[in-house]
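Heads up, the next two complexes both have subunit A, just with different partners, subunit B and then subunit C.
What follows is the complex of A and B.
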């Protein structure tokens, strides 16, 4: 066994034997997963999440084929499932005598107050515009769409239920869209029905809250492991003079850090297995992490947060100081990442943090890789920014990490 | 000294922290198969010297020659041939004894079998115990095991028995004797005079970053020119009463109620002390006659005690 593997094994076994570490590494993420699932949606066979949504049909033109198709889709989702339980949507439609514009305003206010999860508007001339666009696609005359061909999905930014509802609606529409394009023999085209919100692609219509939640919880687990676990291991070992003992052997800093990384990745793999297993088998998640892209993003995330932990360890003077730095970084980096809240419309200073935050790219990359959310950032950035963090943090740690506090 | 007899040669070694000269141009040789002890009070510079020799701190000046190689700093190749025992346990508390030995064995290119090491430090029956459940003596024996796992030629023992009970201390001494018998070279630091005198072939006494004396324990104590020390306790002595004793001895020290009389000629001095006590009706308590020790050497050189 080489020194590197010796350190890796030590990190793994001591973490698994220490109750406090065990709690934060394994019990806490699972607890959070179950708690959030229970709070934001009744899960599994009991029907999953239920969202209150409103659909307003403003299409007064003829034909109405596609407007009816969309309406029918929502009605179907609002009907009680054959296998029992609650339907996914609780649907509100405008009363026959209502003024559609005023009704929309009222529903938007409801949305802001949290009374609705989403409001979908079928614009006037929608069906005709889609038909025209599809005609154009079929005859190869190019993009004939106009604004009327876009469904407007209103949702409340920063509200998890609303974000979820919007994501699921787009997911449903993507399924319908593929079917329409197939019928018109235009599968190479991007889409037939456009929406004004971010498109949700991939997956299937059974995407549930737990599927959306699972990648975020896994990333959060890796993030807190790296941010707290790594500096904790290094700095408290230094405080107890364990590092001094290692440093008088031929082990060396690079091999020590590499060993720690390997042990930590193994711990993350265990954590992933546990969270995923509970998500899959106890909470009914269907999201899959089997694609090479998903595996790559998981590994990249674990490695990035490990390196971030190295950086903290190399800058802090004591274990407690390291924990304080990790605490200061934890919340801002977590919440300014888009992992839990959307990041549009924030002040420039916060946007700068978001752009530099590796969690932003890893969150988007992983969700895109597992198909619960389509990314808008290039793959180069999604991979490049975390890699840059790994390179810089590791280089600083190898140079700066000391066995004692600088005199 | 003949070069092939020298394991470690230190010349003009320097290390400073700002204005503080922690190590101030010290030079010494450590012969092969000897026990070389560094003595000195806290802040004398022995810990910094040791850290430089162990390769965890870089010197600001001077040269090191280890195993015949001249080095700017101790490198990984050299560390393969060294073993280090630190003052404290320094192990992960949730590792088992056997795992600690395996871990340290993994750091070296060549390692002795773990079972052999455990037997050497008498921990075979504790190999599945967690470090956190070991007694102080057992932890120190484990630390010694980890220091010997690579069968080192040069062993650093940094205050190996501090805080241990007499039995545990004797266990460590016994293992140190075995190492000497196996022709290992040992560099020892200690606060215990008895330990230094019992174990050392050579002693160097440090103070304020410099070596103020070196030689074998016997050479150093003989250098004082005193045959014996007479120590006793006496309460409420007036200055003039004490002054009466000065004429009958080479030197005298007072620490509270405790008097130490140094002499080159024990019998007449002892007689004079007893007469002085009788004449002044002084009750002598806990009277002891002893040989001068390294503490006396330090005291005579600096005017301070090692532990002050």
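What follows is the complex of A and C.
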């Protein structure tokens, strides 16, 4: 037993001593967790995204009530929010002595080059036209007055930030429009539409991004650990003729494998503890892995990826070849599993990979077990497909895995 | 004079024999394109597949006309609210709207955490317009959009492809030095080459020529697959493209030189290069727009060469604008970095021979 535990300890200590292993198994999953939650966890929230926009006021007429209202609205959205974070807009206004037409041309060029997300122009006569419209005078003023009443939103189609900024500006204006109509008594509040929101496919509310992401990142950590760690340990030890020294001891292959697996599971436990701890205490995740189903899926995931590691070790001739195979499998299996992106509406060939990918089932099963997804796949498949991978990988490894360098 | 082509030939044969290297140079970017092409086809579109249920007592025509104007990609009608919610859950539609004449209920999938903000935006726009139409009012604050892009309609994936190409240039340049040259030095191959009359700079020039050639072919294949398989739009300025591929490959070889000077062991240098490349990939606006990054990381990205390479490549392929001066300053700065560090790299190579 001490020999087995010695192998386990060696595997764990070697992994922790190697800085590159530490990076890929521990630092990189944490980096991704923090980065993705910082990027996608804040979408739709105030202070989550910031857009550089320009507002040019060309309205020289009187009254200026509505031009000032629009200008004030943008200034308000460019002020730092009270609850902290950055304002929605980083606002540029023309300098007092600038020629507005030349300034507009320059800002449009900035927009084309990605330096601005949007340029908003308040046309001359805007306020007067809005007042006229409100007073029911618009019908007699003709097209020119209609054009003057339109705010111009210059944006760049195809640039995500620009399209988002344009949509947000339109939404803000719609809100102000409603408020103006209400104040002038045109909008009947009694007949206002009630809006309600229903969430399906999960709990009673939208899953927070960090709760959605955390199980995926933990599985990603286990996956890279199994895919690279197991074949790396076996193949490089075989290449350096370290393994053959084990075989002259009473240890034997089964006990070596047991020790390696225990060491690997200890590393998985360490990974889980670190990623979960940071997710829970630094990033505010509320998801719990305490349920028996969650623990079972974590164990099944670690076992599946360990078996996949043995499969790679049995297919590769050298350590470097093993790493190359692991690299080839790593990205397609990771991305074609639904861990990070939705997988609806993909072509049949990719759907076939997704259906055969054990990560798909482990991801869905673990998310369902921790309560962030109401899984649509049967438990039989969620457990059966990873078990099938374990069986097939182990069978191939038993037949093919060589324990010494080829003579 | 014949020695240089011979060196180039030997270098090319070495590269072609190294299946792993060949995979990462030629196949890996394609894999990226094929996977992300399907996964990210809709990213950045303020659009959705919308499911609608209208109860018999409500005026459905008004809602449908508003929904159709809202920019929804498709509208599917349902006979029962339960069927609509099931479709939302199964992701057959992106979100649902139920209208009974007084209440507009929107249903979203709780786990579509990155997409729901867009759907909620569309739902809010529909509710505002429906409100006005129902009360026979016109908005008083009317706005009109003006597209300044001067390009065909471009999706986020179209912008992502030049970023992936820039990343493959970065990898090829970095690993040419921190992987290939460092490994040659560690294995002692350089010792044999440097006892010939060939100067170290000639060997490095041969490596640069072959790597640049191969990465150029790789970028072309990626570009043509993206264009052919996904119908993406590119308007390539070939002079800028060629000069940029050469300049940026040299620049990344320069960065590789810095790595091998700092990290002594070949395997460690390759690992450091790998880690640096991966970190840059996530912080340079290749996967998601830079505007999504927190302010500190956005500022950090200014210092990352991949960000500037991705922007310059987008410009050279005609999917994004920048000033011509900005493009040439970026390209020449990268080339200068490579050329200035070439003698330093040569000294590193020779120092290896003397040990």
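Going forward, the second predicted complex is superposed on the first by the 235 of 407 C-alpha atoms of A that agree within 3 Å, B and C clash if a C-alpha of one lies under 4 Å from a C-alpha of the other, contacts with A are read in each partner's own complex, and residues count from 1 in each chain.
Everything below uses one rule, namely that a residue touches a chain if its C-beta (ideal position, glycine included) is under 8 Å from a C-beta of that chain, and two chains touch if they have at least 3 such contacts.
Everything numeric here is computed off the predicted structure, so don't read it as measured data.
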Query = Looking at subunit A, does subunit B or subunit C touch a larger number of its residues?
reply = C
Request  = For A:13, decide between first (touching subunit B), second (touching subunit C), both and neither.
outcome  = first
Query = If you stack the two complexes on chain A, which partner ends up touching A:248: first (subunit B), second (subunit C), both, or neither?
reply = first
Key: Partner chain in contact with A:105 - subunit B first, subunit C second, else both or neither   = neither
Message = A:133 in the overlay: touching subunit B, subunit C, both, or neither? Say first, second, both or neither.
response = second
Ask   = Once the shared chain is lined up, is A:176 touching subunit B (first), subunit C (second), both, or neither of them?
value = second
Query = Just subunit B (first), just subunit C (second), both, or neither: which does A:153 touch?
reply = second
Message = Quick check on my understanding: which residues of subunit A belong to both its subunit B contact set and its subunit C contact set?
response = none
Query = Can you list the residues on subunit B that touch subunit A in the complex?
reply = 17, 54-56, 76-77, 79-80, 82, 84, 86, 88, 90-95, 99, 102-109, 130, 146, 156
Inquiry  = Quick check on the complex: what are the subunit A residues that touch subunit B?
reply    = 1-3, 5-7, 9-10, 13-14, 17-18, 237, 240-242, 244-252, 403-404, 407
Query = What does subunit A use to touch subunit C in their complex?
reply = 20, 23, 28, 31-32, 35, 38-40, 42-44, 49-51, 66, 70, 86, 108, 111-114, 117, 119, 130, 133-134, 146, 149-161, 163-164, 166-171, 173-178, 180-181, 186-188, 191-203, 205-209, 212, 320-321, 324, 327-328, 331-332, 335-336, 341-344, 346-347, 350, 367, 372-374, 376
Message = Residue numbers of subunit C touching subunit A in their complex, please.
response = 19-20, 23-24, 31-32, 35-36, 38-40, 43-44, 46, 85, 88-91, 102-117, 120-121, 123-125, 127-132, 134-135, 137-151, 153-156, 158-159, 268, 271, 275, 278-279, 282-283, 288-295, 297, 311, 319-323, 326
